[in-house]
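As written, the chain order gives the labels A, B, C and D, with residue 1 at the start of each chain.
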Amino acid sequence: MEGVKKKSHLLSKEKLLVALEKMMLIRAFEEASIKANQQRKIAGFLHTYIGQEAIAVGVLDHKLPQDSAVTTYRCHGIGLTLGMRPHEGMAELFGKVTGCARGKGGSMHFFSKEHNFLGGHGIVGGQFGIGIGAAFKSNYEEDNAVSFTFFGDGAVPQGTFHETMNLAALWDLPVVFICEDNQYGMGTANTRAIANTDIASKADAYGIKGYTINGMDFFEVHSKMKDIVAEVRATRRPVLIHMKTYRYFGHSVSDAGLYRSKEEVEAYRQKDPIVHVSQEMIENKMLTEEGLKELQKKVKAYVQEAVEFADDSPEPPLEELTQHVYFDEVGE
Amino acid sequence: MEGVKKKSHLLSKEKLLVALEKMMLIRAFEEASIKANQQRKIAGFLHTYIGQEAIAVGVLDHKLPQDSAVTTYRCHGIGLTLGMRPHEGMAELFGKVTGCARGKGGSMHFFSKEHNFLGGHGIVGGQFGIGIGAAFKSNYEEDNAVSFTFFGDGAVPQGTFHETMNLAALWDLPVVFICEDNQYGMGTANTRAIANTDIASKADAYGIKGYTINGMDFFEVHSKMKDIVAEVRATRRPVLIHMKTYRYFGHSVSDAGLYRSKEEVEAYRQKDPIVHVSQEMIENKMLTEEGLKELQKKVKAYVQEAVEFADDSPEPPLEELTQHVYFDEVGE
Amino acid sequence: MAVIEMREALNQALRDEMKRDEKVFILGEEVAEYNGAYKVTKGLLDTFGPKRVIDTPISEAGFSGLAIGAAMMGLRPVVEFMSFNFSLVAMDQIVSNACKMYYMSGGLYNVPIVFRGPNGAGPRVSSQHSHNMESIFAQFPGMHVMSPSGGYDAKGMLKAAIRCNDPVIFLENELNYSQKEEVPDEDYVIPIGKGDIKRPGSDVTIIAWSRMLGLARKAADELSHNEIDAEIIDPRTLKPLDMALIAESVKKTNRVVIVEEGHFYAGAGAQIAYDIYSNLFDYLDGPIVRVTQSENPMPYAANLEAATLPSVAKIVKAAEQVCYRV
Amino acid sequence: MAVIEMREALNQALRDEMKRDEKVFILGEEVAEYNGAYKVTKGLLDTFGPKRVIDTPISEAGFSGLAIGAAMMGLRPVVEFMSFNFSLVAMDQIVSNACKMYYMSGGLYNVPIVFRGPNGAGPRVSSQHSHNMESIFAQFPGMHVMSPSGGYDAKGMLKAAIRCNDPVIFLENELNYSQKEEVPDEDYVIPIGKGDIKRPGSDVTIIAWSRMLGLARKAADELSHNEIDAEIIDPRTLKPLDMALIAESVKKTNRVVIVEEGHFYAGAGAQIAYDIYSNLFDYLDGPIVRVTQSENPMPYAANLEAATLPSVAKIVKAAEQVCYRV
């Protein structure tokens, strides 16, 4: 297991502004989705990304067009980071035909072919195979892509974690395995689910490198991932990243979160990645308080536009019910 | 990962004779089964234990009555070591009602309730859960038992390996995970299946101890396992044992074994555990050449008796077809 | 008699059986400290402690296998799947181990185990979280499959399942958990394989179970306004089927509608229909009609989900069809 | 036309399609260096190299998932299960991912993938190695299920499966691999969903597929001595069913026997029977009879295994029964 020396602030003002805006967009989008859920415009499960924004934005800034990404049902932040508009995201949550999955997938199943976003997936551990498969395709077609495969700490005990780590290591598949360890799988603290919670150290079992990164610190995530992604792209060896992070809200909106203390949640809110980045930028004269407020306004307006777009969009026509079951027409 | 100092020859002459006879019995039983298979008395798959005898006998000498064992389809050696008569074993292979599973299980499914032998199992990785379940029961009932859970190197890439190692480590289940690494899963060398073939080192991922043992050396197996089993019994912490061994014959009798060289096989036959133990005993005046021949005769006769028993036994009566599907009678 | 939610009835059955038999324990994701994702195991940790009420990691194949091994050694595990969608990752353990063990060991090792949890479409949870598993598990000899439609049955049936010495697949439905019903406090058992007439009638037999029973009741009310007197049969146990009860009803009504929340192809309803045709062919006025999901994965959109699932209107239409009222 | 074994016909189909489309590759246990556990992939490694013919570790869930991801990214994997018993450990990948992806992504990601290998009872391999999976996979909308009965069909059907842009479950039978048949060298495709009349007849329709077809043929010969002229229909594709072909036959014979190697409860035969009853009720002289496995796991003993499986005698008896000759 190795570390990568921290190199903060190597980002230009322009790049930092883009990153900050993306994190703010995710935050605003999720806040709007919680509100819409209370208004019963969104049904089923709703798992928000609030608190984990630095990971999606810090990691995926290193994604090239041919690269792919796949994740869990907690997929909104990654979709938006990749460039999906909040419009198609919110419409999906509203179950409208203008949604990124035509309203068929819902909150857990954001997809974007344009960005090789292979989806949000509902079965814990179910997306690992898809992630290594995308990496396999890259080697097969020699397009020099890497596969960003996100998963939660709760997926570590699942068999597919082990099977796909072994396959990726055995076959030199360029996979960046990113464990977003928010310390809980639903109400279960990871210490009650994982024997040896030093997740990065599990890389040794497969003869690959593991890294532990503070997922609340955008600068650390961005700078360390820069080198790591470059390394995976060059060597085609998979790596396992242990991102330490936290979710501010319940597992899903229906979760009261009685299993953790207010203090614990507060402590993490103090390390908020959006506050952190904006403060650093202000201190470094890359941003003014006014500028920040402007950005805030801009993002909120953009999300509001998305909500209206979703509201105004129609449900899928009933003819769609049996469309997309099969690509080909067969039989009578 | 730790070692245990080798202590050979701590075994009394009596114990060694018993061990030697058991290994010879397994060898003779498997040779007879190969013959019977050629005579079409045995059908389906037939996976022999020849070459691996030192493991079953060296490990299970430390089994107490309340302990349990479970393994793969390569289960004859373990069944016989536990005390099953070759008669019930051979009858099972012949598909006779006098077999240890009444002829319903066949070669892959030896069971013995008397010895807590939870079976031979056909699905690679399928028996891990059963093994940790037996250990769970021991803690639940506080009977101080340990669970001997055998598996092949080919099962290491399987998800259940990881899931059960994690559960056993997380919950302090007294499981002795024993990987019988005969270096191939069918025609696949383990280097083509396992990233990082230092299997014992995988214990670290679960925060438990791993040991590597020469499975061809009965003395090493027996002495190291003595301490290890005592440790597991006392601490209730699972351990992972990497037993390096070899199978002299094909994966099953239908396997031509083109994937390995005559030389390789020969090299291992030179380390034959039965020859090794008998020679050591002769050198140490615990056994004479004549005594060895006698033993040979005795064992052969015993197996011959088993073959005749199996020959003379009836097939299961047809009423048995739908017996043992359910324990309880329900419905009309 | 107390009027309680079905989740509470299930909770009572678990409590009673755990009190009754030291060897009964429950394990699954969030069953202990969280009191169950759907609160079916509420308070069990407090009462029985962490030895017998166990939170598991997300390792369905691992902890299902563990439970099977423990059952072989004489314990009586109740495995909760947070939802039966997740039984798919444990499928091999259930089918190749739990289901075959007693037979392939020649009667040496039976597996007294219950796999329970919500089955079928939770509301608006889309394609990967809406599987109905009854026909999948019923396919394999060696397991029983039960599915209660309300609290009273749920309590008695779960007791029977836990006392059974063979594997039982016990399929609940999330949307039934908060449904209230009169449930006796005392101990009672509804045997495996016993169906029930939920509404006597003379014109058409509607066979429905689990959440579909509620729809069938509403449909029967509507049909009654149209002079169609429907008899509703709840098989309760899908394997083995209570064919005697079904036969009695079909001999009386000569017309059958089978309602199943799950998929059409080789669903449990296909088997029930086959058994009826085989044993009661001459009693049938016309073909049996099945109401099932439409042939697509479950969509998220409200209108598409509704169009996918069976509904009161679809059941009414089917009943009218078999009664030649359309 | 060359007379070759079915394994060779399958091998030809794989070769042709791999030549035809660079994106087609095959992976599975022992498919490369060992030339396949049953030699279906013989020589493919030599011809196409390790990039496209890949030996996998024993990780069915892992490599099935890998193939699904590769298919989403545009490749066309053929996954060999050494036997379909082992598909149970990959069940979630097949059902929750391959089968749902196109729908739940709103049409963004289809999954062109074939899962193939031997299905059903190998001889004398007991309870854990004898599953028939047709009805399990056919349950879920989003996949097609095919099962050839001989070399000619196998070649044309596998080509159709590999060219299909959706997941196809392709069920072979170990006992058919060495069965010889005339198979054209040239390229031909047997479309998904097209059944075939294997023997024209007028008195009874026997529906059978895969290994059961051979038994049905023998039964038909025996029946002919008893003046019963059986028509044998091989649906070839179990989902979707060629109901048009079946209907034609049933309208002619008015009597149906369905032969299925697998289990009785909710087998594919139950669905076929239901579809026939629903569409052709008035054409039927009497109830359809299914010949299936007896309701027990597969035993090892020769006599019990034989008693478990469908046989020529059981098919003859069933046909005579529907023809009222008994």
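Convention: a residue touches a chain if its C-beta (ideal position, glycine included) is under 8 Å from a C-beta of that chain, and two chains touch if they have at least 3 such contacts.
What you see is a predicted model; the values in this text were computed from it and never measured.
Colleague: Compute the centre of every chain as the mean of its C-alpha atoms, then state which one is farthest from the centre of chain D.
Modeller: Computed centres place A farthest from chain D.
Colleague: Pick out whichever of the two, B-D or A-D, is joined by more C-beta pairs in contact.
Modeller: A-D
Colleague: What is the distance, in whole Å, between the centres of chain A and chain B, each centre taken as the mean of its C-alpha atoms?
Modeller: Centre-to-centre distance between chain A and chain B: 46 Å.
Colleague: Using mean CA coordinates as chain centres, what's the gap between chain A and chain D in Å?
Modeller: The answer is 40 Å.
Colleague: Just curious, how far off is chain D from chain C if you go by their C-alpha centres, in Å?
Modeller: 30
Colleague: Report the inter-chain centroid distance for chain B and chain D in whole angstrom, where each centroid is the mean of the CA atoms.
Modeller: The computed centroid separation for chain B versus chain D comes out at 36 Å.
Colleague: Of all residues in chain D, which are in touch with two or more distinct other chains?
Modeller: In chain D, the residues touching two or more other chains are 57, 59, 61-62, 85, 88-89, 92, 96, 103-104, 126-128, 141-142, 295-297, 299.
Colleague: So which bits of chain B are touching at least two other chains?
Modeller: As it turns out, chain B has residues touching two or more other chains at 101, 103-105, 109, 121-123, 126, 157-160, 163, 166-167, 170, 192-194, 325.
Colleague: Going by the contact rule set out above, which residues of chain D touch chain C in the complex?
Modeller: 61, 85, 88-89, 91-92, 95-96, 99-100, 103-104, 126-128, 131, 135-136, 138-142, 239, 262-268, 270-271, 273-274, 277-278, 281, 286-290, 295-297, 299
Colleague: Going by the contact rule set out above, which residues of chain B touch chain A in the complex?
Modeller: Those residues of chain B that touch chain A are 156-163, 165-167, 169-170, 192-196, 201-202, 204-208.
Colleague: Considering the complex alone, what residue numbers of chain B touch chain C?
Modeller: Its residues touching chain C are 68, 70, 99-105, 109, 111-113, 116, 118-119, 121-123, 126, 128-134, 136-138, 140, 147, 159-160, 163-164, 166-167, 170, 323-328, 330-332.
Colleague: Which residues of chain D touch chain A in the complex?
Modeller: Checking each residue of chain D against chain A gives 25, 51, 56-57, 59, 61-75, 92-93, 96-97, 101-110, 112, 141-142, 144, 164-166, 191-194, 237, 240-244.
Colleague: Contact residues on chain D for chain B in the complex?
Modeller: Touching chain B: residues 29-30, 33-34, 37, 55, 57-59, 61-62, 85-86, 88-89, 122-129, 294-297, 299-304, 307-308 of chain D.
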